[in-house]
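In the two complexes that follow, chain A is the common piece, with chain B as its partner first and chain C second.
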Partner chain A sequence: MPSRRVRDFMVTDVITCRRGDKLREVAALFATSTISGVPVVNREGKLYGVITKLNLLGYILPEYLELFADIDFIQDFSTLQSYNMDALEADLLLAEDVMNMEPLKVSPETTLLKCAALLTKYRPDILCVVDDSGKLLGVITATDIARAFFGKYAGSGGTPPR
Partner chain B sequence: MNLSDAIEKKAVLLELKAGTKDELLKALIGAVGRSSRVKDPAAAREAILEREELSSTGMGYGVAMPHARVKSVTFPVLGFARLAGGVDYGSVDSEPVRLVFLLLTPATNPELNVQLLGKISRICQREDNRRRLLGVEKTGDFLTFIREMDAANGMVG
Partner chain C sequence: MLNFNSILTLAVLAFVYLSVTTEKVNMTKAAFFGGVLLIVAGVISLEEAWTSYIDFETIGLLVGMMVIAGIIGQTGVFQFIALRAVRLTRGRYGLLLVALSVITAVASAFLDNVTTLLLFGPVAIFAADALHHKPYLFLVALTLAANIGGTATLIGDPPNMLIGSAAGMTFHDFVVNTGPPSALALVVTLGYLFVARRKELKPTGFTINVESFDETKYLHDHPTLAVSLVVLGLVLTGFVVLPAYGVTSAAVALVGAGVLMLVNRSEPKELLSHIEWPMIFFFLGLFVITGALDKVGLIAVVGRFFASLTPNPLWFCLVILWVSTFGAAFISSLPFITVMIPITAAAIAHLGLGPEAAAPVWWALSLGVCIGGNGTLIGSACNLAMRAISERTPEPVNFRSYFRLGFPAMLLAQVVSSLYIWLRYFAFN
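Presenting the complex of A and B:
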């Protein structure tokens, strides 16, 4: 059985943003859609980075939480204060300021099994699919790969999603 | 991380004379670039100017926060300039800028960028803090102020 590849399961209609877009606008995308990550591209579609929903949620939290191995002892999270969002509120932040500048990338010919390995090892929210020049072609997520491998159990025959 | 950990003392410029935004950035970038923590000053300069091209970092209230994430920077570097006279910075409120915090952070740590910018932003949103910054006479006074802000998380002016 031939290996299933990214090209047959990736999402090509991708919501993207530019480096100079205000972070508020990017944050709004997460509030109004189910996407887990937004690639950052230039006018020609070249990939510069990725902003993920989990990254943004992390900014809401105070930095000192990182020091605790166990957060279960915190009875009331509402008492915690974070000033990270002050820069966002001041409209100072752009996509450029928070994007992951080295996102995990795959090609259309990468096998889904390799994608699964990357996702389970490094836990990115999305994998960006690029061509040899670094131009963004699409994205692929754990959901897309799960549909490919487990769709047969749902009676769909494992057909490509969307 | 505390702001005081990031400050480059040699890049605290009080009563900087600059007539334009370009002159101001050149002077402050130059001072920060001489820090031993900045391994590639040219790359840092390019990153700051490129970020400024995307959108002005003049946040209003006479304050600007030019900043960039730089691959060759492994520990944050913070410089400060107080201008003798206000400079047109293209700020959101069109007001001239007199207080400038310039921040370089590692490219691989966007969280640090957000944290430190958030702290500076919070400090500068208070008029009493801005007044103090406009009045500091020596680098030591500035450092003391920043340490106070670190201790109080920017809540005390």
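Presenting the complex of A and C:
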């Protein structure tokens, strides 16, 4: 079996944003579509970073929660102030304030098995597909890879749980 | 007398001190490299370092207490106590600030200050957040309290471990002599914070909903907690009782750590991860550098200089106290005290003070260095840990914002320490 490669399974019509875009507009993308991450690119399409759904959800929580090994003791999170939610609503935050500046990158020639390994090891929401010059070509997610590997079983009689 | 060896040793010391003050090079890397360099250059032999200069009593005590504190810390008991304080004060800001500061001071008398701050700091931020207050005042107060509380016992702060080992002072000696001034210093420091920041301490109109958290969730490992507290109790008892039988504090702490490790189910790797290796290696390097300073004769020269300043024992104590206060504040307490101890010993020998007459000098040194660490952000390891924590808040603490509160508080506390030294050891003799 020839190893399957990213170029045949990646999504190429990607929703992207610019570093200076308002974060509220990026957040709106997550509300209106099922994408898991938005690559941040410049005018030429060069990849700067990525904003994922979990990035953004983590960002509206108070940062100090990371200091607790265990957050079980908090019964009611509504008493916490989320500073960043206010800043988000006031349009004080831009895409570049939140983006992960070291997104996981793969090339079109990367095998799907390697992508699967990266996804299970580092748990990113998306892998960005870039060419040698760092230009964004597409993205690939666990959904795309699962479809490539397990698509052949579709319709073969998986019994839905009752 | 300034031959090649002395110049090299001084250069290495300057390198370490500059690394600490500028934070350009990590201080553990600087001290360890410097120590190794002096051995390779032949200023001091590895064997001399090993047998005469590396203070294994202090290293053993540090390692033992780090393991004990780490294992107890993991049981969640400290977070439980801090959150209980939040509940009992119902989030009245000023009262909570006092309660958390006092708890921190008491805990840091028995645990190392950094551990204490890492356990209580996040709870303080949580409480300040719920009260819609800025957390930095809490964090600064806790840091000042941790350094002050550490002054009270042999095991509270590494400088005291070093002094105890060098001067033969026991746990009991420390509690009786540095305990009272450290309580006074805490009162003065909190008093200063209240006066200086009275506007910020006004109620915000928000209260903490005591239903919003449940501190009992932190007490999940009752057996470990029970065993740890029993062992800690035995170790503290051992510190008081056993020196009379020639058992050193390091031995007591290491036995305690050994017992706790034996009865704990976790892997040794995990239990030993509580040992702060950077601090241990920092000391190894600095002991070698201090040894080299001694060997080339510089310690004796500076010791004679201090002894020549004044023949009056009270003034000599106060010189030591204030020199170490500023030394700790601006060079940082650990690099400063490690070198200052042999200098003080040399000065004491030069003045011909017997053990009884020398004791107040050692207490002055302890108070100077431990509380002096409050003066600036680089004053002690605990201050730097607090800065790291504050970076998770909307208003991170920086050198200037810390200095504005910490430095005046330190000066006031040291005026009180000076008065204590005078009244306790000199005024009525």
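Here is the rule we go by: the second predicted complex is superposed on the first by the 153 of 162 C-alpha atoms of A that agree within 3 Å, B and C clash if a C-alpha of one lies under 4 Å from a C-alpha of the other, contacts with A are read in each partner's own complex, and residues count from 1 in each chain.
Following the convention adopted for this analysis, contacts are C-beta pairs under 8 Å (C-beta built on N, C-alpha and C of every residue); 3 or more make two chains touch, one makes a residue touch a chain.
From a predicted model like this one, the values you see are computed outputs, not experimental measurements.
*Asks:* Sticking to the clash and touch definitions up top, decide whether chain B and chain C on chain A clash or fit.
*Replies:* clash
*Asks:* Between chain B (first) and chain C (second), which, if any, makes contact with A:102: first, second, both or neither?
*Replies:* Only chain B is touched by A:102; chain C is not.
*Asks:* Considering only touches as defined above, state whether A:149 meets chain B (first), chain C (second), both or neither.
*Replies:* neither
*Asks:* Counting only touches as set out at the top, which of chain B and chain C does A:72 meet: first, second, both, neither?
*Replies:* So A:72 only meets chain C here.
*Asks:* I want to verify the contact counts: of chain B and chain C, which reaches more residues of chain A?
*Replies:* With both complexes superposed on chain A, more residues of chain A are touched by B.
*Asks:* Chain B clashes with which stretch of chain C: 127-135, 253-261 or 343-351?
*Replies:* 127-135
*Asks:* List the residues of chain A that touch chain B in one complex and chain C in the other.
*Replies:* On chain A, the residues that contact chain B in one structure and chain C in the other are 63, 81, 83.
*Asks:* Residue numbers of chain C touching chain A in their complex, please.
*Replies:* 76, 79, 83, 121-122, 125-126, 129-130, 132, 135, 208-209, 211-215, 217-218, 389, 392-394
*Asks:* Give the list of chain A residues in touch with chain B in this complex.
*Replies:* Going through chain A, the ones touching chain B are 19-20, 22, 55, 58-59, 63, 81-94, 96-102.
*Asks:* Which residues of chain B touch chain A once you look at their complex with the stated criterion?
*Replies:* For this pair, the touching residues of chain B are 1, 51, 54-55, 57, 59-60, 65, 67, 69, 92, 107-108, 110-111, 113-115, 117-122, 125, 153-154.
*Asks:* What residues of chain A sit close enough to touch chain C in their complex?
*Replies:* Where chain A meets chain C, its residues are 62-64, 66-68, 70, 72-76, 78-81, 83.
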